[in-house]
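Here come two complexes built around chain A, the first alongside chain B, the second alongside chain C.
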Partner chain A sequence: MSQTANSRRDFLKTGSIAVLASILAPHMVLAEEADVKAALDKLYSGKTMAAGKIKLDLPQIAENGLVVPVGIDVESPMTDADYVKAVHIFADGNPLPNVISYRFTPDCGKASASARMRLAKTQNILAVAEMSNGQLFTAKQEVKVTIGGCGG
Partner chain B sequence: MISRREFLQASAAASAIAAASGLGPLGRAAAQQKLSQADILRFDPLGSLTIVHVTDIHAQLVPLYFREPEINLGVGDDRGRPPHLTGQQFRDYFKIASGSADDYALTYSDFQSLAKNYGRMGGMDRIATVIESIRAERGVNNVLLLDGGDTWQGSWTALKTNGQDMVDVMSALKVDAMTSHWEFTLGAERVKEIADKAPFAFLAQNIRSAEWQEPVFKARQTYERGGAKVAVIGQAFPRTPVSNPRWMIPDWEFGIREAELAKEVETARSEGADVVVLLSHNGFDVDRKLASRVKGIDVILTAHTHDAMPGVLRVGDSILIATGSHGKFVSRLDLDIRDKKVAGFRYKLIPIFSDAIKPDAAMQAMVKKIRAPFEKELGRELGRTESLLYRRGNFNGTYDDLICNAMLKERDAEISLSPGFRWGGTLLPGDPITFESLSNATAMSYPACYRMEMSGRQIAEILEDVADNIFHPDPYFQGGGDMVRVGGMGYSIDVSKPMNSRITGMALLKTGQPIDPARNYVVAGWASVNENVLGPPVWEVVSKHLADVKTVKLEPNTSVKVSGA
Partner chain C sequence: MADEKKPVPRVRVPANAKAGELIEIKTLISHVMESGQRRDAAGAVIPRRIINKFTAAFNGKTVFEADWYASISANPYQSFFYKAKESGEFVFTWKDDDGSTYETKNKLTVG
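Our next item is the complex of A and B:
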């Protein structure tokens, strides 16, 4: 994990992106992988997705499941002809799998952002980037949420 | 599996004897029962720079017994490789004679009788003698003294003085830099207060403020020693907020932070460093993996997992050193620096046999002064033991058996849980159990002994979670420490399985009944990482138990069945 002070400040400067972080209530039914698939189908019904272009910045182990840092960075010239339109982040072990949706314009200059999300348990995080030409790119990583304790 | 030749190539450069015994001529002298300070310190110097490493002292001011583990399993790539060797395997690998002083210092075998021969180890006054002798031989400006952390916690005096006793001792030793782990259990404010005032550098490249991801401590310090520019980068224990109470350091985030570390190494080089040293508290297996991924580190001084190895391990161009714990050892590494490169090195793990090494008078007086206000409490006899009491081992230790039994009785619980800490000394059969010995195994800042109900499912989840922290095949997922100790129940564990399928056969010992996932059990335990935990400090619970039973005699613990190793 390598969130730098810069990337967070940059994130705050790029005000033109929308963040929809889900707020979780306890005792909710957790999402399954099927729910993530359903959410994806709703957005991009059955379109092919390729791995790559999008860098997902996550800890391997969450220090605090309540506020897990998540950063994304998508490779793109961000010109009117070729830019990143949106990035969606899904957590397959959360009650509501769609954790964050970012929307970008060429004026953003770069398609990178970071935020904090709450994770209910150890699970996979999936990020999907939608390019202006309609292509879709994904990245996936597991984040371990541990009970903690002990230690040498 | 790497060959012994690869492992000991450092010593081979020194002398045939050193290569054969690891500890040099000591083995022979010890076999003749004539340990002398000169034998222990003998070293054929090399180059002009010496790095001296101490670590995981756990606030042990005076000599003690400390038995190394009988079971210390490695998993994944680390299976069967040093430092995951014990007993005969350890002796075979390092060519150590059975019953020798090296054997006593480095393995569990025949501990009871060898302890009587060779005596207690460690003591800050003896460590001071060794360090001063190296400085006298090499010249003060050619020696760099580095402390790997877990220094300010582990004794009653450290707890009562908020770590000040150890800060004073390490300042008097003229430590150049330290990094840390248990230090953080004194709380963020106290750590900052000490770090800001101390004469040594408090280094940690991998701690950031939660809000702005800004560095909390200095990452790196450069020293001019032995005609070389030596850059030291600190690496605090990456999982401190998971393993220890996060509420004590609420605004700080840790992690390994490989990319940032690589940047520090690069910057150090570009600023003219001849040697780059990582003063690490990652744990040995984490450092071995890290060394294969982050290039340009000449020396990694490992810590946390309490491994002691009488030889270095090389990973690529990096030299890894493991100095042990509790003040039992001091590492000396001589480096020959040529053309901004390490052209050669020579290493010795110096065992601190307290009966053979003369105490440094000034440090002896300082330790005496520190302990004086607590001497009466420390010496209080709580009971006696007829069994060998020790901590280390992946699944149980007899000192923890005693603590678990005390919690079951005094807190009227069906099951007790004691954390798998690797700190705490050893007592020999016939020894009095003093409050000092008990506090060496329990003194810390969140000692409340809770009593609560947990479902069988929750207990299973705890065992699986802790097991995954130890036996995950990827070292970056390992937290160090040993398996949580259990009282009143048993289980089977297959260490080769993935998470949530390692633990089976959980049963209550009293009845033999399987643990029912749906039923609630009364559980007593201590060292919870949660805030506002209620209950008496665990040392009070054990003291009361000892007042009742007076003499401790433990049956062999067979409650954990291990497979897949």
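Our next item is the complex of A and C:
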């Protein structure tokens, strides 16, 4: 019985330390929507983007923010005349908004790629696909992060 | 320390494919991918050191590139596709912040 009480106390202690740490961590300057917008503007300022054509493959819940699988898949024939040129992925709750930028060629045959990223906390992932004719398509999805991957 | 070791690339590519066949290429490289966002025990920022670029070329022509940023996990994994046309050789290159490059080659026979 006393053991249970102890472990509960320990749990509470650790919990409150974690909360304190998150309040007292000034080095974790987190990216916000504005940063993602700035990063996007750098690439495609003033251009219109439509939802669709690109799909994000993400877990709804990431237990470990240090290693979160992130996949993208863009609908495209991938011919010399019509292919996906680039895909950029952003995270709005990380210290820096950029995650990855892909450049595809028709030789890929399929505009699909996967990697693994760190997520500091629960946040939205945004992907933008740039087609060979200049059209832009986007997809957005939230990932809930149980343990943040900011190494703090 | 693990990050002092030379990164070791590992690539999985089929050795044979039919013309027009879509193949998936999976790559992995050991690397600490230090984000530049962390501080050491003394409170000093640990300088960023990541692999910032991955390139796949086939018979000398770049077919796929990825720019990696600080959010990419340690020991970065990358998979992508390639449509087999002719026999030849892949060259996979990883570029480190410190100026080093790591390279590995894989032959593909199409027939």
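Definition applied: the second predicted complex is superposed on the first by the 119 of 152 C-alpha atoms of A that agree within 3 Å, B and C clash if a C-alpha of one lies under 4 Å from a C-alpha of the other, contacts with A are read in each partner's own complex, and residues count from 1 in each chain.
Just so it is clear, a residue touches a chain if its C-beta (ideal position, glycine included) is under 8 Å from a C-beta of that chain, and two chains touch if they have at least 3 such contacts.
No experiment lies behind these values; they were computed from the predicted model shown.
Peer 1: Could you tell me if A:A115 is touching chain B, chain C, both of them or neither one (first, second, both, neither)?
Peer 2: A:A115 sits against chain C, while chain B stays out of touch.
Peer 1: Per the overlay, which chain contacts more chain A residues, chain B or chain C?
Peer 2: Comparing chain B with chain C, the partner touching more chain A residues is C.
Peer 1: Pick one for A:K47: touches chain B only (first), chain C only (second), both, or neither.
Peer 2: neither
Peer 1: Which partner does A:G148 reach: the first (chain B), the second (chain C), both, or neither?
Peer 2: first
Peer 1: Tell me the contact category for A:E63 with respect to chain B and chain C: first, second, both or neither.
Peer 2: In the superposed model, A:E63 contacts chain B only, not chain C.
Peer 1: Of the residues on chain A, which ones does chain B touch that chain C also touches?
Peer 2: 67, 149-152
Peer 1: What part of chain A is in contact with chain B in the complex they form?
Peer 2: 1-5, 7-9, 59-61, 63-64, 67, 69, 144, 146-152
Peer 1: What does chain A use to touch chain C in their complex?
Peer 2: 27-28, 66-68, 78, 91, 94-96, 98-105, 107-110, 112-119, 149-152
Peer 1: Touching chain A in the complex: which residues of chain B?
Peer 2: That would be residues 56, 150, 181, 208, 210, 212-214, 237, 239-244, 246, 253-255, 257-260, 283, 304-306, 419-423, 461-462, 465-466, 468-469, 476-477, 479-482, 484, 527-529 of chain B.
Peer 1: For chain C, which residues count as touching chain A in their complex?
Peer 2: These residues of chain C touch chain A: 22, 35, 37-39, 45, 58, 61-74, 76-83, 85.
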